[in-house]
């Protein structure tokens, strides 16, 4: 038998199983990360998506029904009617709530059962009958839910990049994962873990490759310059400062912010000078799916797609697989990591330092919740305004 | 930290897992309910659906092939040829049975192997070669199978609502779950447990809500009156008597019958006076699917759809999801309970008394079979005629 | 209670679970059969299917990316980029290899990382960075991979039916499972275990039934004569000699060859006199899917479909289910055995002797590998020419 040829090193034979970091990616009820994320208000949908037509929504691995009663109040209920389990998706929205189709039980947006029409006196022990529910708030054009322990409900934080609205501005919200594929007709839920987009946000280098030199110009030509990057911890998050000296002599610092647990503030992608005026969220649908939501202050009438920089390209949903191979974007790069990435086989290098810092902070705060503590960024009682340092700053 | 706001009671947080009643819903071989149901002849398909074209049919979690040989005898065989496992779905029906496509083994409707053409003398030890099979009987336009222990085969019962045929009458059978969606082009198998429709039959109240005041009028306006209901055990089943005083002064008792194990006799849904002339069956396909079969005596040439009362509506299969939300029916209410309902979270109330009685009887009889006994409603030897009290009776 | 009616013998009641022979059908990494098959070079695709467009390919339960760099070298890599896990399916093929879309890491066809553009000096410790890979060879129009232990890599064997090329001949390869359905537009992967086609090859009798008297004439009318068959072990395989005395008085011996582990040499199916000039392979995609590949010497310009004998029939992919029932072929017979056949319920008879011999040899060699030995048919060092006795020989 001949000796091993040198070229046979490193083959895929016998590699053994690989695995994700479950601590950061399992989001269902009772999981460490799931309980951690439930300690924060999470945006569920844009306000305009919540109507008198009941809608199924999955978030943090829970299937729920969201609707807006005829008085305008949004409601988020467990889907199976507490009576005999028929989904309230088939229910009818009325002034005071939603009515199950099967035997007509009526529930308010807070789950309270208001009527059982087939029972004597239209209801027996109504006061104690309650459909499982979650509280909602509306802000910045988004509908936010608190899905955590009732005695730990924090205030819904305010962000200084979002207010006050200036003259002629309005809040514009998008709940259709446009931040992944840039296409209003693309999938509103993307088939991968919330951590993929969360990792992506502290990764200034892929902007130079994926969005510029590898594929077509997704945003602006200036991103073809490889930046010099500094990562820094902030109070409850991580930022990067990406410095570029442009060909025309201009110099720019691009500051991007990630805030715990899953909040992203990316500066204007057209490299317009000034502070960021928007927020993004990578919200788990379940372990293997997520929804990217955005809200921003925009001048009334502004074209929402301008911000994506993709307006001159064929929309994602109309591209063939081959066309997507020829000019991949965030969707391909992140879906390409699989439903959940296999963190055990990653090779993080110096350019991944921001991702490592984020994950470290997440792990620390998740363990804090496991140990009974309150994680960074939750505030009780007083209103809290969070400072968001993001922006493009030309020197 | 502030105290718990009162409005945060009853949220969906931390509810823990819910579960079905497995005793009533698991139907595969060897399960308590599966063995119980196998003690009765079960209708498989309408006679007109069994032809010389082999057809796959799943029943009680078992995949089988059904066909009619060229002499007219129906056969129900295990699908995988006993020789090398090719499905007899690809077989050819001949005068004496069905022939496997791969090596030509021929089997009679009783599974007997009649020929092995590639073997010496066209067969070795033919007498002992038998394809697994089940016996079939034809009655009331349906083909019935006995899938239970060979030494426990009961007689196929007769029902007094089905015979004798009067002059000009014929048996009409439907095996396409039309009782769920009312649409000849709807799915012939519905994606939920057999227990959903079985529960539905002793539930006179949903007729007032789902079929009348909630949705459109599925049957007749008279059902908008909330009935006064009495439930009663009968020998091997449960009935309800729903009394209504109509707006025009007429009074009517509507008597509906459920018979063990999964037999339903609903009175005429147009509220025509008189005894019922039909039977329905909620037959498990597997744990999470079922087939609703009907047979009835009808005048020759009568429009089968008249009985459903839905003839003036857009057919189910052509409705959009939104249209189904606007006027749901049994399909939505029952599919809306999920593949198997989660009985641990139900809240049965006074109007659910019939359902509770049925389930109690089922549980008792299932346990009887587990203990080696014969369940209610099986009869050996002598022909048995079952009395069915259903009907609409105006006073 | 009456006694058991005799006709109730042999019903499908209470048969208990059946199972495949896992030793022969589980092909993933670490399984006995998987490790056995990995000791041989396996054809992955036809050479013409491997291009500068990256392509996903699954083989032996492993998902891989195959491509040809711009210098013409084929590469077979683990799909998830070693850096952060994005699939190289979205990568770009360059002169020296394939570049990941996310951060631009470049890998050669041997997995060597050649560039990390976002790192200082375009790479840190490049020499030790290697994407998992498998070696490839090209021969007879096919691309072959060695996926076994690096210190056990054998030579890629030569076969005397494939060389030398005669004047005017060329190699023609097909990787689209045309041997299963005969249709260039049919599925290129078939939904059943590799063992189904492997069994089929030593089964001369189904040619008389499935391909002739049961269905339409798939090949030639001469196959309607039931042959007299002898099976024989050869060095590393099994052959059959099927003798037929034709109606016109001619006599013919048809010799077909199976070689370990999954190599088939079927003589010309038009019954043309002479030695076979082709090879087939039943390659596991995973436990429940396989790909049938062929290579042959053909005169330049020869119609490839002539060999299948199906050129006058409606193509498989255009047939309805009923049409496939009326004239089933290998696809129906083998898919009809299920994703993996249930060997515990087979009844092998005298006409299945070849299959039994094959399986016995496979089991013996699989156990030999389990025990640390080298299986039949692997050769190290010296070039090996395998003799293939297949052919149609008229007396």
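Order of writing sets the chain letters: A, B and C. Residues in each chain are counted from 1.
In this text, a contact is a pair of C-beta atoms (placed from the backbone, for glycine too) under 8 Å apart; a residue touches a chain by one contact, two chains touch by 3 or more.
Only a predicted model underlies this, so the values are computations on that prediction, with no experimental measurement involved.
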Check: Is it true that over half of the residue numbers where chain A touches chain C are used by both copies, so same, or is it different?
Finding: different
Checklist line | Inter-copy rotation, chain A to chain B, in degrees (Cα atoms; steps of 5) | finding: 120
Checklist line | chain A and chain C, separation of their C-alpha mean positions in angstrom | finding: 45
Next item on the list: Mind pulling the residue numbers of chain A that touch at least two other chains?
Entry: none
Check: Any idea which chain B residues touch chain C in the complex?
Finding: 29, 38, 53-54, 62, 64, 77-78, 80, 82-87, 89-90, 92, 99, 101-104, 110-111, 116-120, 124, 129-135, 147-151, 153, 380-381
Note to self: For a test of understanding, state which residues of chain B touch chain A in their complex under the given definition.
What the structure shows: 1-2, 4-5, 7-15, 199, 205-206, 208-210, 213-215, 226, 322, 324-325, 328, 332-334, 336-338, 341-342, 345-352
